[in-house]
Amino acid sequence: MDFTFTEDQIAFRDAVSRFFMTEAAPEQLREVWETGAGRSAALRKKIAEQGLTALSVPEAEGGLGMGDIDWALMTQELGYYAIPDSLADTAYLAPGLLAGLPAGHALRAQWLPRVVDGSCRIAIGHPVNPWVADAHLADLLLMAHPVADGCELHAVPRAKVELTVLPSIDASRRLFEVRWHPDTETRVLDGVAGAPQWAATLDRAALNVGGQAIGLAQRMLDLATDYAAQRKQFGKPIGSFQAIKHHLADVVTEIEFARPVLYRAAAALAAGEPDASVRASHAKLACAAAAWTAARKAIQVHGAMGYTWEVDLQMFMKRAWVLDAAWGDRAFHRARLGAALLDAETLPSIGPGTTFA
Amino acid sequence: MDFTFTEDQIAFRDAVSRFFMTEAAPEQLREVWETGAGRSAALRKKIAEQGLTALSVPEAEGGLGMGDIDWALMTQELGYYAIPDSLADTAYLAPGLLAGLPAGHALRAQWLPRVVDGSCRIAIGHPVNPWVADAHLADLLLMAHPVADGCELHAVPRAKVELTVLPSIDASRRLFEVRWHPDTETRVLDGVAGAPQWAATLDRAALNVGGQAIGLAQRMLDLATDYAAQRKQFGKPIGSFQAIKHHLADVVTEIEFARPVLYRAAAALAAGEPDASVRASHAKLACAAAAWTAARKAIQVHGAMGYTWEVDLQMFMKRAWVLDAAWGDRAFHRARLGAALLDAETLPSIGPGTTFA
Amino acid sequence: MDLTYTPEQQAFRAEVRAWLAAHAPRTPLQSYDTREGFEQHRAWEAELAEHGYSAITWPKELGGRGAGLIDWLVFEEEYWAADAPLRVNQNGLLLLAPTLMEFGTAEQKARFLPRTARCDDMWAQGWSEPNAGSDMASITSRAIRDGDHYVLNGQKTWSTRALFANWMFGLFRSDPESSRHHGLSYLLVPLDAEGITVRPIKALNGKFAFAEVFFKDVHVSVENRVGEEGQGWHVAMATAGFERGLLLRSPARYQRTAKRLVELYRRHRGEAAHDGTLRDAVLRAWMGAEAYTLSSYHTVARLQHGAKIGAESSTNKIFWSELDLDMHETAMHLLGARAELIDDPEVHEWLEGFLFAQAGPIYAGSNEIQRNIIAERMLGLPKN
Amino acid sequence: MDLTYTPEQQAFRAEVRAWLAAHAPRTPLQSYDTREGFEQHRAWEAELAEHGYSAITWPKELGGRGAGLIDWLVFEEEYWAADAPLRVNQNGLLLLAPTLMEFGTAEQKARFLPRTARCDDMWAQGWSEPNAGSDMASITSRAIRDGDHYVLNGQKTWSTRALFANWMFGLFRSDPESSRHHGLSYLLVPLDAEGITVRPIKALNGKFAFAEVFFKDVHVSVENRVGEEGQGWHVAMATAGFERGLLLRSPARYQRTAKRLVELYRRHRGEAAHDGTLRDAVLRAWMGAEAYTLSSYHTVARLQHGAKIGAESSTNKIFWSELDLDMHETAMHLLGARAELIDDPEVHEWLEGFLFAQAGPIYAGSNEIQRNIIAERMLGLPKN
């Protein structure tokens, strides 16, 4: 029993963090926003060189063969640096779906090596979202198609979809309504085979969003702490006032008690535990709430400065706000939790001794 | 349009307040608690002399003919001084029920003058509560009896009921399970005639509890403010620390915005407005929440002293906690509000311009 | 307690309702944070003024109709019920005007108030400075007396409307030796004066919601000073009270939001059913808007009986700003994943309102400052 | 990340579970705030000790079994799952013992720890004084050195267990010229010493949950000082960290409460359906208890890798105290009008727990103080 990360995992995370710190400073992100596509091919290339796109591709296909637990760390970095790129769709969710196909399946062989070398983008369409992120740049779209007996998996080339852009309040998001027609050519898995794959994808996506939310919360806390230490009013740093201290202390506490939930959910997904969905929903709720709290407290600490476009805080707040409802809003995840804990006919296994059972 | 009280109403309230201040100091209340009956005949007699029992009895029966709006002030005093006596049952709810009977009805003639002169106690039994307050001392019990077509009103003499005491965490409460048998002799109104009377009684009771809650909230605020001004830590009054100030400022704000809701509900009851129940539920919820907040903040400001039996705060906290669920708990009143605002088939009349329409 | 409107009040309501039904813009105006939108709003308010609806509580001779505060509440109810435009000149109408009426000379009143009512003059506010935000007494912008005028140097910031307004009211340090709230003067400054530079500040929503204003040897006549020299803090505080208190945020605004939220819930009842907190949040929105309205009517009644608004205006500021934030957060949660899509017609106003609501607990005196005021002035707790 | 228990840990769990099933009291003991209940609890803990379950993480020679922290978490899980009694000697086991192990002499350890493990010695705590609560450095009770002993004068308050315990540990000012956290010494005081008066304090629930302890020329041997003279603050702060942090409130306690709350909800599903906030509050209870448990396992893992607990123990204190309060408030709301009826069998434990939970944000360092600590030590914000 050792509920923490290995030194290697931490070292890899730290390397990624240092990489983003220099390659994805806020002013660089603002430049990316202003481009038409809203994405930087150069940044994506460098990310691939760091090994991030290879992270969860099986070793047989040239990847690093890591998984959910490593992503629980990586997604926090994606959030902390507000990386304007739905990287995890290509590098985490898509490999998860593709690696669920039989060994030697043509799609695996075709796409997984390209995920590793960073030469493709894969977008993911799931009914829980009204949009598909980064569909305009996708080489392939993996689309869910709910049917009576489950949920089919379709692999749709970019040329076979029509897109309508859906502008988001978060300028770093590029969202699209996707019109497409499922047919036998695009179908990869039938409803029965696809359902568990899509269920796992939803859980991974919730974990990914949760991790980003915690990263965002930590960044907003850091920004607000720096501001509180420097900004003076009434002749002293505002960080010396108890009201400001307590705002920020609340954020610290909420983050501290959300992170381990994220890690436990990642472990549950990695092990395919039966209650992995419950843990993923818990992680999403706890992490998104921490980010929401951090945004509220950080803007309050920043005062009017926090309400401006120029000050970086807004980039992280908007991302935190919109991720709150991505891949299942609060109602969705609460409903999953409630169904399992409160509505299931027999009392689930809860209470002392059940957390790692 | 003049949404406030007359000078006469304020003067009467002030007189009652001065009376309680001398006759119902905390040490006197503690003495009353220790008695077997838990009630002071002497105090009740003095209350009657102040005219409080006559307040809502019609002038024809010797009362002052006042009503819900005056009680919205009086109940706050009952709360502020934590009067250990279910006075409002005898002096407000019972007269409401009795005055709803036809003029000249024997019960009116028999009981209303006795309410005025303070020589009787009337207890009220309603299904929303699992208990009847002060039943052990009641000369008469007015009992609700739900039937298929409404809710009957029964007048039951003390001798015809069996009581089991239900000890409350609030030592000033005397609650009883009442066993009784409705029969034609006790029945005063049938289900159809009784239903609107009991509905109005429930709303008045909610108003009464809400008013007491606001009085309790104000008292706890006052106690905590005094304590914060006097108690020193780190070389200065704890009331000079921002965290303490903000705790108490939140209580002030919550009280300020609950009181007018109480007054509007009282006016709606007095005028028999169609949405009086919605306003009564709103008042109960807002006032009880203010009292709950005040208790939380007041004990926090008091520190360990607030956790003791000796310090008076506990008397008011316990009362605030238990009144929260008396005459309809939060779920009950939220459900009434939700049914009217959210579930009714057509959108109710809400929005700008509807508050006094 | 008399909760019926007088026949005159009822008639006034009917008149306003009919007039707005006939005249209020049928399509939303552009944002007044754009030049075009500002002009549209100005024109609309000029039309209001023409029919005596711009500043109904002002005396007739100054451009109002001498109406009472109940009439003002009634007007606001009809205005918001009609979905009429946000008011672009509220700085002048609600912040400056009460100050001028109390402290201004007869000449100042006659010169500025009718023009303000007609929106011939549009006002920016000049309170905050880069190092004088919550701590407004730290103002360093100077107005040094030189004969019959002051020479202004320094900088103001967070000045709403400054980009397109033609006048600013604000506080300047007229005694360079003074500190804190002593030695300040309240001045009216034409924004086209030589030496003034206005630099827009982009807000969260990408629009230029306020501006920095730089003063370099700007000459302002002493006739533009309101109140005595060095008494500016005292003069301004009256205005600050209005800003926090009753007048800046009329209850009808929140009643309209609460009603829209109830409608939103009713449209999305199915999705919302999964999450009991949403239902409760909508109920709390209605309860909050109703409480704020009732509190306003209660305050107006007390004012009519001769009371003064004191530190209670701080409870007001806290209540409306938190209510507004809560209501908009609830709307975001009800809208779910669609809440980020700014072009979605059901989303747009909620999303803009959500961003704007973020500023509520910050501007007009941060809620931390308001809580200090409540504790110190209403409860008598000691200053730090 | 390895989330499986070792075979040894699994075996230990099975052993504890079986032992508790056979030995844990079948009917609840009386409250340990009564003399009879105290004796019942003492006897039960002595039985625990006899089977090596009193202080499992202590070295064997001191009365423990040298178990690791994971074993401690496992033990606690089984203990709370078995509804076994609250621990009456946790002052000694969890607050004093870690201090003695770090700062005590070999003689002190040998003398006190085995007796504490066996509950031969029961401990009261002596931190707070009437004017030294949140501001503990204001201690004025004196311990003046006189040869081989100290002479104690003064008063302690809020001393849990002092009514029936036979020993107290506490801080006393040994240098009368000193101030604040200088010049204090950490002493072990026999409560039967001449000159000590213990006056019970009645708590919210009407029971004598703590006491004032008065010292009048009480003689205590210098052998009873832990750490150096004048270093008491430093010695005590280690203990205070334990009190706030991991050890005082094991996660299993809250998991048990959350489970009971889920069961309560399931029994009252019909009534609760009217109020969506109840359902959400129950979910939050489970989420909170789970988060606290996970955080504890995470902390234990970091400790095993050589990390130290620092100011994070303050986040712990805030989290468990607010979680406990929220859970008990939710239970009160679920119980509705019955919640006040103390003899109702479904109500009793919830109501007692609700009252006790009120103290959570106050004792062991108020949550305001904890928030200051977090801001100053974890975030580096300046002191006031």
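Order of writing sets the labels: A, B, C and D. Residues in every chain begin at 1.
As a working rule, a contact is a pair of C-beta atoms (placed from the backbone, for glycine too) under 8 Å apart; a residue touches a chain by one contact, two chains touch by 3 or more.
All values derive from a computational prediction rather than experimental measurement.
Q: Suppose chain centres are the mean of their C-alpha atoms. Which chain sits farthest from chain C?
A: D
Q: Taking contacts as defined above, which has more of them, B-D or A-B?
A: B-D
Q: So how far apart, in whole Å, are chain A and chain B when each is placed at the average of its C-alpha atoms?
A: About 52 Å, centre to centre.
Q: Could you put a whole-Å number on the gap between the CA centroids of chain B and chain C?
A: 39
Q: Would you mind listing the residues of chain D that make contact with two or more other chains?
A: Residues 275, 277-280, 368, 371 of chain D each touch two or more of the other chains.
Q: Return the residues of chain B touching two or more other chains; collapse runs of consecutive numbers into ranges.
A: Answer for chain B, listing residues that touch two or more other chains: 241-244, 246, 334, 338.
Q: Where on chain D is chain A touching in the complex?
A: Going by the criterion above, the answer is residues 1-6, 9, 13, 70, 74, 76-78, 80-81, 251-252, 255-256, 258-259, 262-263, 265-266, 269, 279-280, 282-283, 286-288, 290-295, 297-298, 300-302, 304-305, 312, 314-315, 318-319, 368, 370-372, 374-376, 378-384.
Q: Can you list the residues on chain D that touch chain C in the complex?
A: Residue positions touching the partner: 275-280.
Q: Given the complex with chain C, which residues does chain A contribute to the contact?
A: Checking each residue of chain A against chain C gives 128-131, 166-170, 173, 175, 232-234, 238, 241, 243-244, 299-300, 303-304, 306-310, 314, 317-318, 321-322, 324-326, 329-332, 334-335, 338.
Q: Going by the contact rule at the top, pick out the chain B residues touching chain A in the complex.
A: Chain B reaches chain A through residues 241-243, 246.
Q: What residues on chain D touch chain B, complex-wise?
A: Residue positions touching the partner: 128, 131, 133-135, 138, 157-158, 201-204, 206, 271-272, 274-275, 277-278, 332-333, 335-344, 351, 354-355, 358-359, 361-363, 366-368, 371.
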